[in-house]
Amino acid sequence: MKYPPVQYHDYLQLDKILEAQSRRSLELGQGAGAHDEMLFIIVHQTYELWFKQMIFELDSVMTSFGQSNVDESQMGTAVARLERIVEIQKFINGQIDILETMTPLDFLDFRDFLFPASGFQSLSWRVLETKLGLKIEQRLAFSQGPFYSYLKPAQQETIQQALAAPSLFDLTEKWLERTPFLQTDSFDFWKSYQQAVDKLLAHDRKILEQNPRLSAAELEKNLQQLDGTKKTFEALFSESEYKNLQKENYFRLSQKAIRAALLIQLYRDEPILQMPYRLIKALTDLDEHMTQWRYRHSMMAHRMLGKKIGTGGSSGTDYLKSATEKHKIFTDFFNLTTFLIPRSMIPTLPKELRRSMSYVGGSSASDR
Amino acid sequence: MKYPPVQYHDYLQLDKILEAQSRRSLELGQGAGAHDEMLFIIVHQTYELWFKQMIFELDSVMTSFGQSNVDESQMGTAVARLERIVEIQKFINGQIDILETMTPLDFLDFRDFLFPASGFQSLSWRVLETKLGLKIEQRLAFSQGPFYSYLKPAQQETIQQALAAPSLFDLTEKWLERTPFLQTDSFDFWKSYQQAVDKLLAHDRKILEQNPRLSAAELEKNLQQLDGTKKTFEALFSESEYKNLQKENYFRLSQKAIRAALLIQLYRDEPILQMPYRLIKALTDLDEHMTQWRYRHSMMAHRMLGKKIGTGGSSGTDYLKSATEKHKIFTDFFNLTTFLIPRSMIPTLPKELRRSMSYVGGSSASDR
Amino acid sequence: MKYPPVQYHDYLQLDKILEAQSRRSLELGQGAGAHDEMLFIIVHQTYELWFKQMIFELDSVMTSFGQSNVDESQMGTAVARLERIVEIQKFINGQIDILETMTPLDFLDFRDFLFPASGFQSLSWRVLETKLGLKIEQRLAFSQGPFYSYLKPAQQETIQQALAAPSLFDLTEKWLERTPFLQTDSFDFWKSYQQAVDKLLAHDRKILEQNPRLSAAELEKNLQQLDGTKKTFEALFSESEYKNLQKENYFRLSQKAIRAALLIQLYRDEPILQMPYRLIKALTDLDEHMTQWRYRHSMMAHRMLGKKIGTGGSSGTDYLKSATEKHKIFTDFFNLTTFLIPRSMIPTLPKELRRSMSYVGGSSASDR
Amino acid sequence: MKYPPVQYHDYLQLDKILEAQSRRSLELGQGAGAHDEMLFIIVHQTYELWFKQMIFELDSVMTSFGQSNVDESQMGTAVARLERIVEIQKFINGQIDILETMTPLDFLDFRDFLFPASGFQSLSWRVLETKLGLKIEQRLAFSQGPFYSYLKPAQQETIQQALAAPSLFDLTEKWLERTPFLQTDSFDFWKSYQQAVDKLLAHDRKILEQNPRLSAAELEKNLQQLDGTKKTFEALFSESEYKNLQKENYFRLSQKAIRAALLIQLYRDEPILQMPYRLIKALTDLDEHMTQWRYRHSMMAHRMLGKKIGTGGSSGTDYLKSATEKHKIFTDFFNLTTFLIPRSMIPTLPKELRRSMSYVGGSSASDR
């Protein structure tokens, strides 16, 4: 009523959408074309539509996080949009089950017509990876030029812009570094946490030493393990050793950002940290499902293309397997688990600090 | 090599696909547009792509079944394609979970811009229903004209053609009626089956009458139930009562086709019936997931649009609920379960009949 | 080390779990037993395990919400646990796909052995429904006695206790009623909202009246619709008419609770309302998936049991279909959508009120 | 009626099932126990129930395939049961999404209580792998003794029996080797196939050599690739080189079995090969989802347990990653794709051979 009327068909531009499937096996081949090429086209077109949607959500989250101060009233929406991306990922990971109703013999009916088209040429997927934070150095090298050399000029530009701009990883790091509660007048998180770790390790050592069931050899072995754990923590605490962790790609975030991520995990129940905690969880989920997607595709490639003798697979299979391991972005949040301490050992926050983490008009804020 | 080279982007016509999302809230509204309209568009575009794929598979199955004799070497493929449709259905039913990450308040941001577009205007969905076998009489009446009146002229023609041609339901019925094993020199399926039913009912009656734990009243009640069962079977056997079952929409298939469907279910292990059995199962699955799809959409409509006071819901919600019940197509295969008899009561096939149901060069065919 | 060692097998009590499958078709029947009875048992045992888990989560949420004041530091966990229930629901709804790999003929191999066992006898499901808030009056009447009459005495007691205690619905209602922001010194939500509605309706009327494209008849029809909308809103506003809405089961929550739910939806971005908003969403999802579960089971019952002639189905199918419609619990949140107003019409909150909805130590709280 | 009545609760032995959850954090710890330990227990108990079901199905398939001649009337059921296993696999792979609603910090609340219990101690999983055909040599070595050393004596015996008996892999190999159509009076599959391959490669070479667009260097490179393909095929044809393929674990099946698998793939539309083809597809799906399960668990382990600095992960994470690659069983069917040839090049079967592959009483058998 208020606006010019519109029909479903026109609104969704179905003329474009539903007439964009042209089977090359029909165009270029003889006969009726390969039946399953239609499935192949539509599976990939729906993938591309979902990639577009994921990038659209990502862009909006990055706009929120690109501000010098993330407005807390935007946190709910930002988290919900990341969770939507995860929901889309879970969904499209299941789409492989449909593609695999196509058998290798059916694929062979049109494989030759597609040369040299390949999923690696998907601009949207590359943009998605880049915007999330995959660095050019992490990528597998191509024979010549950067990884996006095979794209069209305008597409290359899109990639270059994404590479030049801060990624979601970068924005998350900056946002973590700004976390205000790491050091207050009444509380030094890092110091308290270190003390808790020391106490934990001393406690564990005592239990070991007092355990009459352990033989001398077993005690020795256990104490060595404990020393290993101790060194692991020390690497986290020391500025120079932390740099080594970064070199080995154990951590990619700055030490300050890692501290904040740890604080958020340990004190996630405080009202002001509930949404940041969900954000970290959503980024972890996102990374896991991205990896999952690559892994399933590498298996499918093996199944559909076979494997050259004497190699790890077709070049596509090889690439995908390798990318599955290397193209992780938020691994920091996986590795961070190493440094969590049991709830009973977590230092208690001073009352005024807890107060500042709660709502001005909250019902429980006053009585702490 | 053998054919002109092609790039992924061009092959998938991504220029068309990825530039077909135009948010009306952005075009016609003030400001940045409603964020979630993008999701809404892409969810529906991917639906439409999958509808196209389902119709494509359906058409190929219908071509196989439209022959005067279905070539048995095509059965494997026909079944696999129906199973693929089911796989797609399961998949897109899950897509609602993504759409429901959009909240009613977010939907309100652009709902007014869409008027009067509606999912009911989806040509592909209508074609799909029609090709499967939904009859125009089953459809809910519209205020004026046939259900497809609101479509564009060319679209109306597409629907009319689908209505005029035999549906998958029709082709399945004809194919069932041609089943050669209903009556052979050595075996009259229908007679043997009736005898088995009689024996079954007599056996059940005897068990009841000899059960000392039953009071007279309980016995009476149970015998009445048994009589009910008997009448149910008699309706299946009698030509005139069967017509009544058809009038009440209990069965839609011809009596002969129902008999064949029963034979296939009971003797599904014979090699020649293994694929026909899977076909019936696939059609049942397909109908169930179609209904499932409608049901989930009716709940989503309730959630997104609310419900006018004093009505069963918005007109959309109402329609969908009603359609969920009425728009079933292969209900015959659900109701057929009523007439299955326990495996131990199934009449044994004569040796020569079993032989004719097996492979010429089969290893186990000779020793029967 | 710190605790006595334990093995996987003993920890999970697998002796109990994996030896609790006894096929009656094997025990009581002749021969090797019905193969698919194992699937039937295990499908239902895993269901029951998940029901136990859902109740366990529900109990913990109800403990949090049973306090006179819900501690805000518990909101994150409460919401996460409800979301976990939803995750379980989605998952077990998919389990029907496994059960449906069993065909009706296979079921017939052991159906008679199960009499009169039935899924309706599941204590856990009844407890789950009751704890969520399904009232005894909503339930379909049984021939004699209350719905739990067929259960064992100790089980009946469990149900009676659940019926006597406040349900999650009740606790949610009380919690909503306590929402502090409905009326403050600077803001009367209900009054502001009514004014916004009036403005909205007046605006819509004006657009209609000024629309030159509308014929007199069309104008008339549209104005009548608008009057309908107006009356719908008036029923929400008036205390006496609201009572009617409750009588018609349009709303079940108190008027005060509904107001709070509306406030939470409209101002969900304010930090203090982000988690309450997610809570409402989780309850809506939960109700939808519960309904979904019933619907899929009613279709499966039709498929597995057939349908007596002249009835709506087997008694089980009938019951399930009817329950699908009647056993909804949080329908209020579905119907509430009717009363949402476009974001642009939502009254602005006074600065000090927004301040009180944000964090004491928040970065953006100060500059509003 | 016919049998003693039974109640749902007793039939499912719910006393055992629902009372087998004992949280060690509650028993041994102080306070209310770790909430999420219940989820942890139930997730693993439902896994174990599903493993039992999978083994139950597997055993029945293995009984069918253990006969000296697989009765063709059992093929439909055998395939359906393998497909059911795949359905269960898909389903339980999704269960990780539920487990991951538990966060690492929540896991830490009870992790110490579980020592040294571990999923590696699951007898059922080991039995499943062994029955499918995982060989003891493929498994990762344990510090001392065979991989099942940590199990209880009776459990070790179960494993040893499974190891001693023919696996599904072995039975499949024998069954493939018995395929009767490899060599008949009128047709030598292997010879015809080799001729087709030669023709294919000669055709490809000709296309290359006549392509004016190729530079000399490009031509050279392409011809080298073609030579590589040729060598790959030669390895398949030669008895001695095939042995090398087996040594490199490229193929595990005998050469004769591989030939039969290839024949089944290429002529899958012939009625007698439709079910064998589905069998191979089901085994491929099964292997893929088994691998998928391991991969998802390795990611989850990384997320839940973190990663020791300087290692690839926790020992669990390491193990799972390595097992994901090594514990594949039906890889032959993935690699076989390498040797498929386009449909247009597949040798035509002689008429009498096609006849012997069809049904005695089939409608289309006579007119070929």
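As written, the chain order gives the labels A, B, C and D, with residue 1 at the start of each chain.
Quick note on the criterion: a contact is a pair of C-beta atoms (placed from the backbone, for glycine too) under 8 Å apart; a residue touches a chain by one contact, two chains touch by 3 or more.
As the structure is a prediction and not an experimental result, all values here were calculated from the model.
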{"item": "Remotest chain, chain C as reference, centres from CA atoms", "value": "D"}
{"item": "Same vs different contact residues, chain A with chain C, by half of numbers used", "value": "same"}
{"item": "Rounded Å distance between chain B and chain C, as computed from the means of their C-alpha atoms", "value": "29"}
{"item": "For chain A paired with chain C, centre-to-centre distance based on mean C-alpha positions, whole Å", "value": "32"}
{"item": "Where chain A and chain B are represented by their mean Cα positions, the distance between them in whole Å", "value": "40"}
{"item": "Residues of chain C whose C-beta touches two or more other chains", "value": "1-2, 97, 112, 268"}
{"item": "Overall pattern in which the protein chains touch one another (line/ring/star/complete/other)", "value": "complete"}
{"item": "Partner chain D, residues of chain B touching it in the complex", "value": "1-2, 69-77, 178, 180-181, 207-208, 211, 222, 268-272, 274-275, 277-278, 355-365"}
{"item": "Touch list for chain D against partner chain C, complex", "value": "1-9, 11-14, 16-22, 24, 28, 35, 38-39, 41-42, 44-46, 48-50, 52-53, 56, 60, 80, 83-84, 87-88, 91, 94-95, 97-98, 101, 112-124, 152, 155"}
{"item": "Complex contact set, residues of chain B against chain C", "value": "90, 97, 100, 103-105, 108-109, 112, 228, 231-232, 235, 245, 248, 250, 265-266, 268, 281, 284-285, 288, 291-292, 295-296, 299, 302-310, 334-343"}
